[in-house]
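Mind having a look at this structure? Questions to follow.
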Amino acid sequence: DGETIAVFTKNQTNPFFQTVRVGADNMAKAMNAKTLQYIPTKPDSIPEQLSQIEDVVVKKPSAIVFTPVDYKAMVPGVEKINDAKIPVVNITDRSAGGKFLSFVGADDYSLGLETARFLLKTLGGKGNIVIIEGVKGSLTNVDRVRGFNDALKENPGAKLLASQPGNYQRLQALQVMENLMQSNSQIDGVLAANDAMAVGAIEALDGANRKAQVIGINGTKEAIDAIKSGKLLASGDYNGFYQGCIGTMMAIRALREQPVIGEIVLKPTVITKDNYQPFDTPLEQRTCPTFEEASKLSAK
Amino acid sequence: MREAAVVAQPNPLQRIPGVAIALAALIVLFGAIAPGFLTPANFSNVLVQSTILTMLALPMTLIIMSEGLDLSMGAVLTLTSLCVAIVSLSTKSMLLGLGAGVLVGAAFGTVNGWLVAILGIPPFVATLGTLGMAQGLSLIVSDGQSVVGIPHSVRDIYSATLLGIPVPIVLALVTYAAFHGLLYHTRFGSYVFALGGNREALRYAGLSPNKLLIAVYALGGTMAGVAGLLMTARMNSGHPTAGLGLEFDAIAAVAVGGTSFERGNGWLLGTLLGVLAVGVLRNGLNLISLPSSVQVASVGVLVIVALFLDGLRSRA
Amino acid sequence: MTDISKEALPLPRSFLSQDAIQLFYRLLAVLLICAVLAVLNDSFLSLGNILNVLRQASLTFFIASGLTLVVLTAGLDLSVGANVALSACIAGTVIHTTGSPVLGILTGLACGGIVGLLNGIMVTALRIPSFIATYGMLWVLNGLTYWYMAGETLHGFPAGFRQIGSGYLFGLPIPVYLLLVFLGIGTLFAQRTIWGQEIYAIGANPVAARLSGIPVARRLLLVYAVSGTMAGLASIIFLSRLNSAEADIGESLTLPAIAAVLIGGTSLFGGVGTVFGTFIGALILTLVLNGMNLLSVSANWQPLVTGIIVILAVWLDMKTRRRAQ
Amino acid sequence: MSETAVTPLLELRSISKSFPGVKALDDVSFALYPGEVHMLLGENGAGKSSLMKVLCGAYQADAGEFFHKGEKVEITSTADAQQLGIAVIFQEFSLVPYLDIAQNIFLGREPKGRIPGTIDRRKILADAKRLLDTIGFDIDPSVVVNTLGVAQQQMVEIAKAISQNARILVMDEPTAALSDRETELLFALIARLKADGVSIVYISHRMAEVFALGDRITVLRDGRRIDGVKPADVTPDQLVRMMVGRNVDMTYPRNFADKPGEVLLEVKGLTAPSGISDINIEVRRGEIVGLCGLVGSGRTEVARAIFGADPVASGEIVFDGKPISGEPDVASRRGIALIPESRKSEGLALLRSVGDNLVVSALRKLFPSGLFDPRRGQRTADGLIRQLRIATPSARQTVGLLSGGNQQKVVIGKWLAAGAKLFIFDEPTRGIDVGAKSEIFALIDRLVAEGAAALMISSEQVEICHVCDRAYVMREGRVAGHLTRNELTEENIVRLGMHHA
């Protein structure tokens, strides 16, 4: 008991990582361990996360739960952790290298695919669609957009008008949407690579008094509220809370020499107005899954 | 350029600057409260982490002494880091990669110098423009993706040791020695003082301030190229946002280190202390694991406090 | 040392002042960009798009207009973006907890103003160069915002409040009215009040200004406070327009605001520039992004194009000023 | 030395040079002979500095020819001029503040060290020391220039010029910032250089120097050469008439008030960290009170402390019956004006227009509502330009382009507009021609006659003696004595001001 788990997340600005951190905290508390949060002061800064790893290696926590800010560029950092023989669990983005006890994440591709499918089904398989992408080159964005595109391919009746980046930023998505509405008089569906951009796009549509179906990804509180009020069609649940919980659970179990699961890829849930209730509770009140529940999740 | 009122200013070498006090205070503080802070391994950590910033802050000192500024350094470093990655990936040669990085860096530096010296565009504006260009080019050459799979020879630069000292530290020391020699013991160094202190004097001495300015900025770009190699080695990959914002850290280190923005008053050792102060602060805060938001604010507080201390002294 | 011969300004031969001539060139540039975009894309010239551009430019303008005053005094405020973020988050919280948009707006403006005032104090009382002081402030504000928001998003504001950012009045977006109002106030303040004159004098030579009896420290405090308050205003527009706020909204706002000021012809050396120029600067920046969206140019090119425009604008400005001799 | 026998070392023929709105030089010819000290005289804005800038290649002449030892040459750059052995000591120095004396002297010509690119430190110091010795300047050449006083910097300038083997040395108002003792040093040096065959062009507004140093005199007026004469052949009055084209009374007539008015300024026990202590001064309406002493005796500090520009440690300043403290804006609102000694850096916004500079202190008075009316500002400025006879094409001219005297008038003008009651002049006539000087004194006289008062700092004791009702003499940061109108002689000033005389 009393292990310290160092939890690395990408930034302190994206609500998603807050859910990860709360999940990790909850699980650690439940298991009588404690967490130390490491977050780059500059959002998503590679050099800073590398430095933090180096500093943590000096400090020697019992184990590490790790989200790489960049899945390729952080490999040397992971190797440093490996060299220091600190057990490490990978969550969220799958690192391109290094040795991990376990990986807990969601499959961005199927998340994008499923959510986009839901939108296209709602539209009856046709209509004019725009994609608002996240940060170019980030793993999450690449896979989500690939999922969007594959869903579009399954529906030849739908037409992709434009695919422009909003860098996961609300304001940029809003402005991109405003500009796109100028050159496209009919937009039926918007596929946004995260919730903040989806909400930005909705604001743009509202401002122009136009209607379109919009989906986002992450299942943030804001998105749930928007789904409740009917503004947002759906949000693909990325399950940050579970990722934090299960990642921490695996780390602590490994320390206590209990069995761990090598890989848990959380199944995508498309949150819609029919199934949002379980997601509508405050983070702190949500409960982490048990090991049995977690192993069931991995079975899929 | 404004005629500054002639005020007698003590030589910065003859007083203990705010930055030295801040650094000492930080070391004492963290030594007392941060477990593991006073270990050789951790010192080596801090030093290694500071190398990339050192390589930017040293030429930045010269640029600021010339009454200039280079906002493009972080973006250029990003671009050169990508070039190192891409070229060494395709040629399997670390040296060719380094060459490409340095070449691109020098080219950007030269463009900066040209814009500032020949076109007479204020440095802030010129380098803000090239910042955008370098950032755009980084996105374009990488298409926003990380570049991975580069040869191990690149990575070894970061992890290897020489006589037990990590190679990045050796490189940084060599760079510091080179800059120290360059600024204080060569003709070029004297001319750098004159660039900020009195450009007319250079003209009357039959020297071309424009060429010198271009050289100073080119030096900055070249060092961004070298630092780009370190960055690539550190990440074992190239990434289109890796170095963004580093220029502000470099400027902050220079300012904290006591180089003034007017009249060519520069102090290289102060810059080094400034870099280390930032490094020690970040490292120490990580070790005592304060909330991350406190860490965010702390660098700002350091900058303000160090300059405030300097202000107190120069008034006393 | 000032080399007078090189910086020599011409004797205006006509009634047009230098600034007027520069503004004229800038308007020409705007028309040129518009013409090119109109040819390349049909929807560019639609009323909707023009209003769209104006509305988007307004946010940049609000931040940049206050910044213009700071730059006129030969200072810089790098903390404006972070200030917008903090003010938005605090104002948002106040609206949520009290349910009163008016109270929220007032807190947002006050928060921005206080941050600006603190910047002013660092610059005047502590005599830290503004560039460094506001860079330090940027991180302090980020830290505060991150801590305060703890990774959460504020969202969902009363409909009445939302009108400020997204409503229309007689067919025009409300931010456009605000833009016109503040453009007018800013121009009047800078050109037609004695404070404006004093600000120009401080920028041109702070030592001489002080010895001419201008209360330099008080004016600088005023300028930084105004800049901060304008950031507060921008935060309100942001909140009501996006219906939400999170900790990282400021990051992408600072550099465009500075770029708008510079493209608008305000000199970093102080004493030269106009608020109207800044408006045109904001307009040019927005037009270019709008055009790139309309033409579906990859966003990878955006920083590159913006960079080139900044350099080009300042270079042309200097060129035309010199030729006017 | 006979002019016909010797060819001029350097000759300029029919030089013309125009700037927008001004013809700075109009068909000026000028000949310089070996080993002579050639005085260049003229009112402010007569074109002296411009002519010298053309001579040294800093400005390009619009028309005209150059001859060196009788041969036609081109001077299109400073390098050309250096080639011909021309060196200039400008009104503003060309030293690099954070380099040491040796590096400054040999900038661009450093002795090479063993490693390429480096400087032979030992040699550069030794060379500099030798050079400084030859001009009698005893200082360590490794001292950083930034820590030197004005006079010392000037000596470094001269050493630098000499190190370039200059055969022609141009000095533009070299004594403007020097004390008497430093001036004597400089004169001795000039004599030595002259003996070595160096030709010197010397620009000055001080009549005494013209006669003490000059071998020949060239007078410029409005950009034209008026005459060339020898000092022996003219009287000061004649020279002045040539310079200004009319008779100027050089005795600065004053209407001394029979009995001074009420006390306007009272300084009691003023002590300031800037280095002055226990200053007691009183200035009454209708008076011009002198504040004299050696350079460095703290006169400027007294002025700045009264005006609120420097912090005050203790003591009291009572103005117009009420105590005053705070920043300059308080003093200026109460009616105190400071005309600082360095007009370029402290008095003017050089890149702004004449009009902007003229109204800047009067904004609150002219526009009590806070709303600025450019037309009213313009009218005020035009009025002042006429009243003070400021030579400028218009109120829109950039003030940095005016000549020194006219710049000084702008600084005074801005306080006239503000309606100041007490004028503190710090070296008001530094670098100002005789015509402008008497105009400025007439102006001061009129101001005090109308009930204002003046406190005047000047290093030119003649001026103090001529125009002041009485004077305080300072020594080492304290008031060493007070001289009434009758006691006010140069002798007394020097006696009181000297260290432990």
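Residue numbering begins at 1 within each chain, and the chains themselves are lettered A, B, C and D in the order written.
Going forward, a residue touches a chain if its C-beta (ideal position, glycine included) is under 8 Å from a C-beta of that chain, and two chains touch if they have at least 3 such contacts.
Listed by chain with UniProt protein names: B, C = ABC transporter permease; D = Sugar ABC transporter ATP-binding protein.
Everything numeric here is computed off the predicted structure, so don't read it as measured data.
K.L.:
What are the mutual neighbours of subunit B and subunit C in this structure?
P.N.:
The shared contacts of subunit B and subunit C, listed by label, come to A, D.
K.L.:
What is the chain whose Cα centre is as far as it gets from that of subunit B?
P.N.:
Greatest centre separation from subunit B goes to chain D.
K.L.:
So, what's the distance in Å between the C-alpha centres of subunit D and subunit A?
P.N.:
72
K.L.:
Please tell me the distance, in whole Å, between the geometric centres of subunit C and subunit D computed from their C-alpha atoms.
P.N.:
The mean C-alpha positions of subunit C and subunit D differ by 43 Å.
K.L.:
Between subunit A and subunit B, what distance separates the C-alpha centroids? Give it in angstrom.
P.N.:
Computed value for the inter-centroid distance: 35 Å.
K.L.:
Which parts of subunit A, given as residue numbers and ranges, touch two or more other chains?
P.N.:
12, 41, 136
K.L.:
List, in ascending order, every residue of subunit D touching at least 2 other chains.
P.N.:
Within subunit D, the residues that touch at least two other chains are 92, 344-346, 350.
K.L.:
For subunit B, give me the residues that contact two or more of the other chains.
P.N.:
Touching at least two other chains: 3, 5, 139, 143-144, 198, 200, 291-293, 295-296, 299.
K.L.:
Which pairs of chains touch each other?
P.N.:
Pairs of chains that touch one another: A-B, A-C, B-C, B-D, C-D.
K.L.:
Inside the complex, what are the residues of subunit D that reach subunit B?
P.N.:
Subunit D residues touching subunit B: 78-79, 82, 88, 92-99, 103-104, 107-110, 113, 117-119, 121, 144, 146-147, 150, 342, 344-346, 350.
K.L.:
Tell me, which parts of subunit A touch subunit B in their complex?
P.N.:
12, 36-42, 44-48, 50-52, 54-56, 58-60, 70-76, 96, 135-137, 142
K.L.:
State the interface residues of subunit B toward subunit D in the complex, per the touch definition above.
P.N.:
3-6, 8-11, 181, 185-188, 190-191, 193-194, 197-198, 200-207, 263-266
K.L.:
Spell out the part of subunit B that touches subunit C in their complex, as residue ranges.
P.N.:
Checking each residue of subunit B against subunit C gives 1-3, 5, 115, 119-122, 124-126, 128-133, 135-137, 139-140, 143-144, 198-200, 248, 251-252, 255, 261, 291-304, 307-308, 311, 315.
K.L.:
Flag every residue of subunit C that touches subunit B in the complex, lowest number first.
P.N.:
So the residues of subunit C in touch with subunit B come to 1-3, 74, 122, 126-129, 131-133, 135-144, 146-147, 205, 207, 255, 258-259, 262, 267-269, 299-311, 314-315, 318.
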